[in-house]
């Protein structure tokens, strides 16, 4: 529910109204608009109904929020949200964001060399898995905290922000000491205990869309994080499972354009995971830029045959550098810069 | 990899071979077959290759396990597994298992009355959510430990086994003091931290199939639990998301018949969640029996309009009793009894 | 729109009303109910609105038909439709129907031997493709009219009804001289020119569900046939494409139970095509019976390795006979007989 | 199978070899490569095997074609195919193609006004349905031949090429007198009788991907047309059905990039049908250009509320003009021009 205040309402009046709303058992948010004071109110139907008794002298209109997600909706918050990852790196602005790295951190040399290459090519963030269980328990499960240390060193040395995955509520606090942004992967998109847990920090969260999650479920998962108090959320489209099996996943760029109309959160695209075929990464990265994405997440490695778990979609250093050059005309066409 | 020993091999020889395999960095399992001693060996490709140097005097044949899942595969373990939930209730035998209860535990009267009705109708297990986040953070999230206490009391009073969901690794130990079987829901089917955590207990686990999980992913999720040492796993088919939207999910009974050919674990079916339409629950429950399921999980409540979160698929007491009567000829036709 | 007449209305009055409705540019159908005269009216929204001016002296109530399909809906026609294939074979009654045969007719001996075996095992219909293009133009395309002749001879000799596919509007008339029931396959389910063409005959039509057709689209395709005047339609569920790839298709038994609540047309199930795995055919055939199907369509052949295009799901003669025996207890449990 | 001839082989030798291949019961195609003479050979496995006895003096290598589609594959024909629609309009070149028009032709004024507007905005082709059955038999079915006449007049007057749908084999010949390119819609993509029928003409064919067709099935459908002798095929990606329901279809741009690597045929994209939401048409049109499409197909009309069957995705004249302007920077970035 959105409560639009009359033009003459002062901030002082608004604060009192916020308190009054709280007394009705509803969670209020004072939303500083440009022209008009607006209060958002979130709660159960029955409690929201009681708001109709609020003093009409201050209130111009009360409008329902029509989507099941509220806080992440543009109805609640019309302007694009910028998420600051660190002092050099903001996602959602006119600077197009690129995050890149290996699927899994393997050793100090690997992650340092990739970080250097990635930084030189124009990326701002370093990604890489350290807690990384595959679908089989017999696959490589990641280096854990040892990997986080190696990755932190490589990120600091190269001047990149560091993004890595969290999979267990028990690790949220300790991993937050290493990363600049948590990553929550597709398989945990509806792990609500984990969403709440990262929502109780102020660390930015990169939330990847589940492979069969609808856009509504995706935005509701973001709402779980936001509702705990953490507004620093970046959404990542990375493909859904469909009847098409040429590629393992089908990148859903409809979703990117659609989410940009419905939510104020920044959206990036992972064409590596979203295509799983190396030859498709570059054309789909261009397409992601063209349809309005705020950034890209890309899988890269240095030497093709030495990696432990990198896969078909992973770009070599040369492929990655070439891709970054080829993206530029499309970033310009989209009115952004690298 | 399965190592079949020569007929003349003694148990003593086999144990020494098991030790030898361990020395090769491979995890061995002595599998007492009926006619022949068999050793299963699980590990990385490279380690398994080294087994070719084992003494050929004792070994008749070494066969690869062709599926990515190993321990839960029939190739490894040909006979049906029986899972004992408590002293009165075993899943996987010729007694057809029925678990029923409300979507969420609401109060003492509700859960007691349902438990009584469910027991009288012939069910053996009581289900009900107490940690139960919906897809929206604004939906009812369950009563938590308070709900577990109410449910335990109702289960004990009525003589039913108790099944309830765990969603957070931090709760595994304390919830295990209440339940007779953990439930892991579709959304956490690939929450590997949680799978490992329940795998480190000996408490039975009801693992529900993810809404877009392939059968292979489903069995690999079970493998995660089994691989930690907990063999007490019951699989539950409850529908997948498809292009059909008449019902929210499409119950995949192909999967039930297929899993019975590939895995030794018992499989039950949840037609309430798998159809989400009350009128379809009874015909699909019959179909589940007919295609070889070991049991059913059903959602029921007592009064239609008073429930907090029960939904369209939930059966009233009368509907549930009638369903149990209607199932009997099909249970008989399948060569089982209630 | 359904117009329920007052109890005292005579048939004469009803006929005059039917004429009046026709004058409003709407297509009326006098539907002889058991207790009350009912008129169905189908047309565009605007024309239907004009019916509100009908004389209220005869009319008790006017109810909208809520589904987009009208003539095939239970709202229009509450009682189950029986479809007479020939004088010995009716689908939709308490006699459970079995249609079986090879994927494609290959030669006289093959189709005669299969017909004999199928008849002896208790089936009533012989199926087999003669116009049968595969997804590749290089696959066997069927024997055409030559195949129809061989099949007709085999059907007559064995006393089976004959069902074969039509794929081209130009062949509808000439194929109707051979078959007892047309088959329209999944790939032509929305070939509206073909649907209209078979709708203009009175020959029964077996309509198979498209691999990605929703139930609503399926029933609308049947409506296309019915709307041309042919009411002899049998629906066939044979699986949809989903994310599950263990079997090529996922048999959707939810759809069978759901269609039985929404439409008066008989529904049969093809577990051969719907599972594409031989081991799953028998359990899913049982499940189809249990959830309310009126019959089965099964693929069978005589010798496993000599067939031109039969595939993994095709049953050998022995498997088919055993299946028929195993189905009996489930047919009895469902209150039907073979 | 591809037969690469030795460098010294003359055209005369090659022709004799072609004849020899024909004698083996295989269909040969002399494929004039730039550096080397190449012969393609298509037929059944057994016949192809017999080719191993061909005289080795002329042959350098025989390579299998690894895809099930042959003639439309890049392995057979490495260079991009250009399809000439009329003397002014070629699809597949460095000129980016735009086809636009209403969903259905309604009357002379409507189609003339749209043609004028579309031409002025830079499009080269006029689309519009005249044989256009909807999924319901009660929806508007199109004006038929009357519509084709109106459309032909409008196309001639404005100087646009004309594209319209064929749905019945009986109409192929007469419709070919009106259109510059046949359109075959998603629902008829596997109507093999129709594919063969248009394949027997030399009229270009726009083949739209079925809503649940895999890329392989899509290319095999094109192969059906090509195999009859018609090489003038343009593929059109227009979305597939997935679990996402925000938009009715999910535009699959992975498919565009993938098909460009596998087939020499031009590929255009229909973002109107592929998104079904007006706000998404422009961003997805840009994305289609960016990932390598050769053109676009767009639905437009002139006045929003007067159309009979245009839907949510249809652009108004102003929206269409603005879209064309916004596409230009992306067309340039892709190295093409309008």
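By letter and in written order, the chains are A, B, C and D; residue numbering begins at 1 in each of them.
One rule holds in what follows: a contact is a pair of C-beta atoms (placed from the backbone, for glycine too) under 8 Å apart; a residue touches a chain by one contact, two chains touch by 3 or more.
Treat the numbers as computed from the prediction; the structure is a model and nothing was measured.
Counted as hops between touching chains, the shortest connection from chain A to chain C is 1. Looking at C-D alongside A-D, one finds more C-beta pairs in contact between the chains of A-D. Rounded to a whole number, the gap between the C-alpha centres of chain B and chain D is 49 angstrom. The distance from the centre of chain C to the centre of chain D, with each centre set as the mean of the Cα atoms, comes to 34 Å. Mean C-alpha positions place chain A and chain D at a centre distance of 37 Å. Within chain D, the positions touching two or more other chains are listed as 212, 241-243, 245. Contact residues on chain D toward chain A in their complex (touch as defined above): 212, 214-216, 239-247, 250-258, 260-261, 274-275, 277, 279-280, 283-284, 286-292, 329-330, 332-333.
Of all residues in chain A, only 42-44, 68-70, 133, 135-138, 167-170, 187-188, 190-194, 210-212, 217, 220-221, 223-224, 227, 241 touch chain B in the complex they form. If you check the complex, the residues on chain B that touch chain D are 212, 241-243, 245.
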